[in-house]
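Order as written gives the chain letters A, B, C and D; numbering starts at 1 within each chain.
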């Protein structure tokens, strides 16, 4: 099914996705959109893992399981982050990341 | 338990006892008891030491004990004393003892005050008994740090500023010392065997000259900061002015001596070649200290500032003499340390007592105190006379030994500088007499002063202890001078053997 | 060899007395402490006389010369193998003579003080200080080595300080004591430097070694030259500087007139008879070195002495405070002694000046103490120091009057009183050495007679002044010392000094040279005559003279403004131009640098803390950029 | 066929990723994210990881995106438009991102990947299940347990953190008014 596509394509795709996530992470102000960017980054990594697993080491399952665990971690991360966001919102009545700078100096 | 470690154990036990005391009134009694015991220990140490020497024990250090406590760097807890350290230990215990009585009426956080004070003393004692450079440095830091709390909490005036300044500058000095010590350590074994921090072992090897050239100035300046070497002395006036009485006493009386002692025992003893080569730079700096401190003192109006500058001048003389690198001058340096320690402690104690009564330290706000509080005034005059080098008091012995010793230097430059340094005795006389005349003599200017009370019993103990010691050294310097001289002898031999000048 | 070891008690006894009176004095009754002090001094006087007798008449001479005897010596402080401070007792003609002088005058002053200081507060303190002074002075003259001398020199200075400032609530006394101490201290600096140079070159402090004419010390010193003069000369000039300070020679004389603020017995003891001659004693002690190894320094001594004697005599003619007149007179007379030393040589007839100087020191101690004590009695009676407020006192104070007159005649050099002999010897010595110096001294002799009789006539004759209280003759405790000293002044001239105290210890043949003696008596009589005309009765001549020599008089009256010059130097230069700038420099430059370092660090950290903005995205940006940079670095640049 | 599918999916992923991070409306961004995630699962199918693709769909697309949307609803207006962030920030971030991307891509293209010649394993549910619970060489029971504890902890933490009534709240929640 995938015979025609070189592994590099997957990797380039993942890279683009990754840096799009980075860009979002750096530019978005809303904490939730930042979280979305993080999800993008995580996904791009997943793609990489699976591509490597499939193309280079098809007889093993590490990549797949790694992706599986990443998805699980991402899920818990999302849960906690959203709880934090809601808490921050209560405290500062905003979820703009630039206004949340209590940790400065 | 060896006798030297007792000098650390006793203060530590005293501190522990104070911490567990419930009644604040007992704190000072316990402290006085502990430090009195320490004084007795010091006295018995002197006797033990002299007895051992008399019995023909000619080791460089006596009562040596050595425990390894950090194997990979070969750091030992090593203690040992020679005549110089014995003299310094005696000085310290005298000053601490007097200091406890001088701070008898500290009310605020009394327990913590005495704990910090004794902790400081512990550091000083540890410093003087150590013969392992690292352990020595450890105790040095232990002595410097409580000072921050003591000034910052119990001080007067801009105390936070002064405490911070003092601590930062001394820490800067410590940093230099640490670099110097490590430099010595890594050069301590040119043969490639085990590196060591032990002073005695290092003194047997010759540290390569290029290394000495780097690490001698570092070590010397590092200790010089504590010894009020120009231009690193400015912590001293502010620090002393803000510190509470006992802390000023201990600081000027003992802690500044760590500088001189360290410069002598570490910088010059271990790196004599570089010391000889570079001494002219530091001779210039120290003679500036001597003259400059004295001139600075003339212009001051605050008693503590006057005394702080005077200390700069006198401690400058210590470093000056140490750098002359001959037996007599070094002997004089050690005696000067002791003498200055005692008399400056006396000064600060008296200033504290005067301040407690008049609530001012400005000389022009006081006057005619001799009539009102004769005991304290007479003590002040005696302290002043000791400071300006009156024969019969310790200052004379110290200064004359230094001057005669320094003047034996074979090079003309050093002799001329000595004459400059000698001229400080006149300037000293000027500022001492100025203070005495304004402060004590003349008519009583302020009617509030008419009702001041003279010294209380604990103040008398404090003053008399110190005056007695000053007079004892002044009248019979022979014992002290000989005790120090015999210990200096091997050190000088070493220096001379390396530098046949 | 006679055992002199008991002489240790001579200095030790007053020291013990000082400790006793100083520590326990306030617990004793004042009278008891006074008697204790006086009694102690009495014992010392007896001991001194015994010592003098034994030394001069029973000790063996070698080659007809008195030997220096070290009665006792122990090391007090070891500097090096060769240099050590010893404390001990050295007996030789001059120290024994000084013993007699000091103990006699001191004893008289003690007795006198019992009366004079009777109702003063701090009576026991006064006696404690007097004991301290006696201790120091005796220790000074008995010193076996130059450093012991320096030690006691300093102690003498401090006891003088304490005694001048005895009335410590009087600002002028405090100022005077401070001035005395600091000026002499400055001079002592020279002394100390001199000692250092001397000891560096000779490697010894010991007097006997140093002053041995055949010894190595004297031989060595001439060789090494520094800035054109031999080091020996340098060291001797510096040592002499100490003597100049203590003996109130020009230019360090300014403290002595002010020192008259102290109680009058103190002035008599310290500032007339004993301490101020310490400088003379010092030069005499080191005399062989001066004479044999440092002739230039000896010349300096002579000229300083001559100048001071003239200078002080001129000022003395204009002063009105009787104690100040006496103070300037003291300076003038000490100038004489210095000059005599300065013109002397070592041994033989050359040593005439040395002998004359010591002789004059002896007689001067007697009559000057007498003058001061007499002045004290007058002040005691009149409650004023100013001769303008006195006159006609001969009726009220007969004993004082007679003794004072004797003293005045003595100082004027009228035969057969003692002053005649000693002064004559000095003039003779000067005459044989340097005619110019002789001329100066000759003039001074006339001036001396003039100002002393000016004083005498103004006080005891002159106008009849009305007093608030009729002046009364002093009590016996005060008059008895006056009489004893008067007897001493009259008869001490017959002591054969030429046999006893000479530069090399041998007998010096000298006789009165009529060629010098007669003119000197004549000029003395001339001075007395002029004073008689001007001050016997109230007359307008003095004022007219003063008006004629207006500027000269004004300068002399204001002591040639030397005080002002010093004040200018100390106040303006030391305080304002050295000390204050140093303090400012320290606070602002040195400390300022430290503070600047601190504040720069602080500012820097305030600046860089902006990095810690709390902005998550900035952190992330930096992190990612950094990661990319590193990647570029490691992949492409770091090959 | 496969390449068309790939192009399709990757085009969707890239386009919607960019839309996700640039859209000024937050709910739309969430929806774009959903599209990205769905396309990604398509890629997983292509790579023959059906199980993972399913997980991706359910957990990501179903769970996380719903969670995100809920939180959006709790904290923002749906129609709220973001003010665009500063151009400086955007440009610098873009430069950083593009540089990074280029760097990575160059590296990827430079690198010669070499695959093994081992026979591919058939990934089926049985194998996955066995591996997850196995302690063998290929077993993942430890991470599995760890992840389950983590999930539990995350759940508890989420509840604790988001719980109302923390004592030091500065502003009252104004969700209802909005």
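The definition used in the following text is that a residue touches a chain if its C-beta (ideal position, glycine included) is under 8 Å from a C-beta of that chain, and two chains touch if they have at least 3 such contacts.
All values derive from a computational prediction rather than experimental measurement.
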Self-check item: Most distant chain from subunit B by Cα centroid
Solution: D
Quiz item: Is the C-beta contact count larger for A-D or for C-D?
Solution: A-D
Quiz prompt | Whole-Å separation of chain centres (CA-atom averages), subunit A against subunit D | solution = 5
Self-check item: Centre distance in Å when subunit A and subunit B are each reduced to the mean of their C-alpha atoms
Solution: 65
Self-check item: Whole-Å separation of chain centres (CA-atom averages), subunit C against subunit D
Solution: 102
Quiz item: What whole-Å value do you get for the distance between subunit B and subunit D if each is reduced to the mean of its CA atoms?
Solution: 69
Quiz item: Of all residues in subunit A, which are in touch with two or more distinct other chains?
Solution: 22, 26-27
Quiz item: Listing for subunit D: what residues touch at least two other chains?
Solution: 89, 92-93, 96, 100
Quiz item: Taking all chains into account, which pairs touch?
Solution: A-C, A-D, B-C, C-D
Quiz item: What does subunit A use to touch subunit C in their complex?
Solution: 22, 25-27, 97-98, 100-105
Quiz item: Hey, which residues of subunit D end up touching subunit A in the complex?
Solution: 2-3, 6, 10, 13-14, 17-18, 20-22, 26, 29-30, 33, 36-37, 40, 43-44, 46-49, 52, 55-56, 59-60, 63-64, 67-68, 70-72, 74-76, 82, 85, 89-90, 92-94, 96-98, 100-101, 104-105, 108-109, 113-116, 118-121, 123, 127-128, 131-132, 138, 140, 143, 147, 150-151, 153-155, 157-162, 164, 166, 169-174
Self-check item: Interfacial residue positions of subunit D with respect to subunit C in the complex
Solution: 89, 92-93, 96, 99-100, 103, 107
Practice problem: Can you check the complex and tell me which residues of subunit C touch subunit A? | Solution: 609, 612-617, 620-621, 624
Quiz item: subunit B touches which residues of subunit C in the complex?
Solution: 75-80, 83, 85, 147, 150-152, 154-155, 158, 161, 165, 168-171, 174-175, 177-178, 181-182, 185-186, 189, 192-193, 196-197, 199-200, 574-575, 578-580, 582-584, 586, 590-591, 593-595, 598
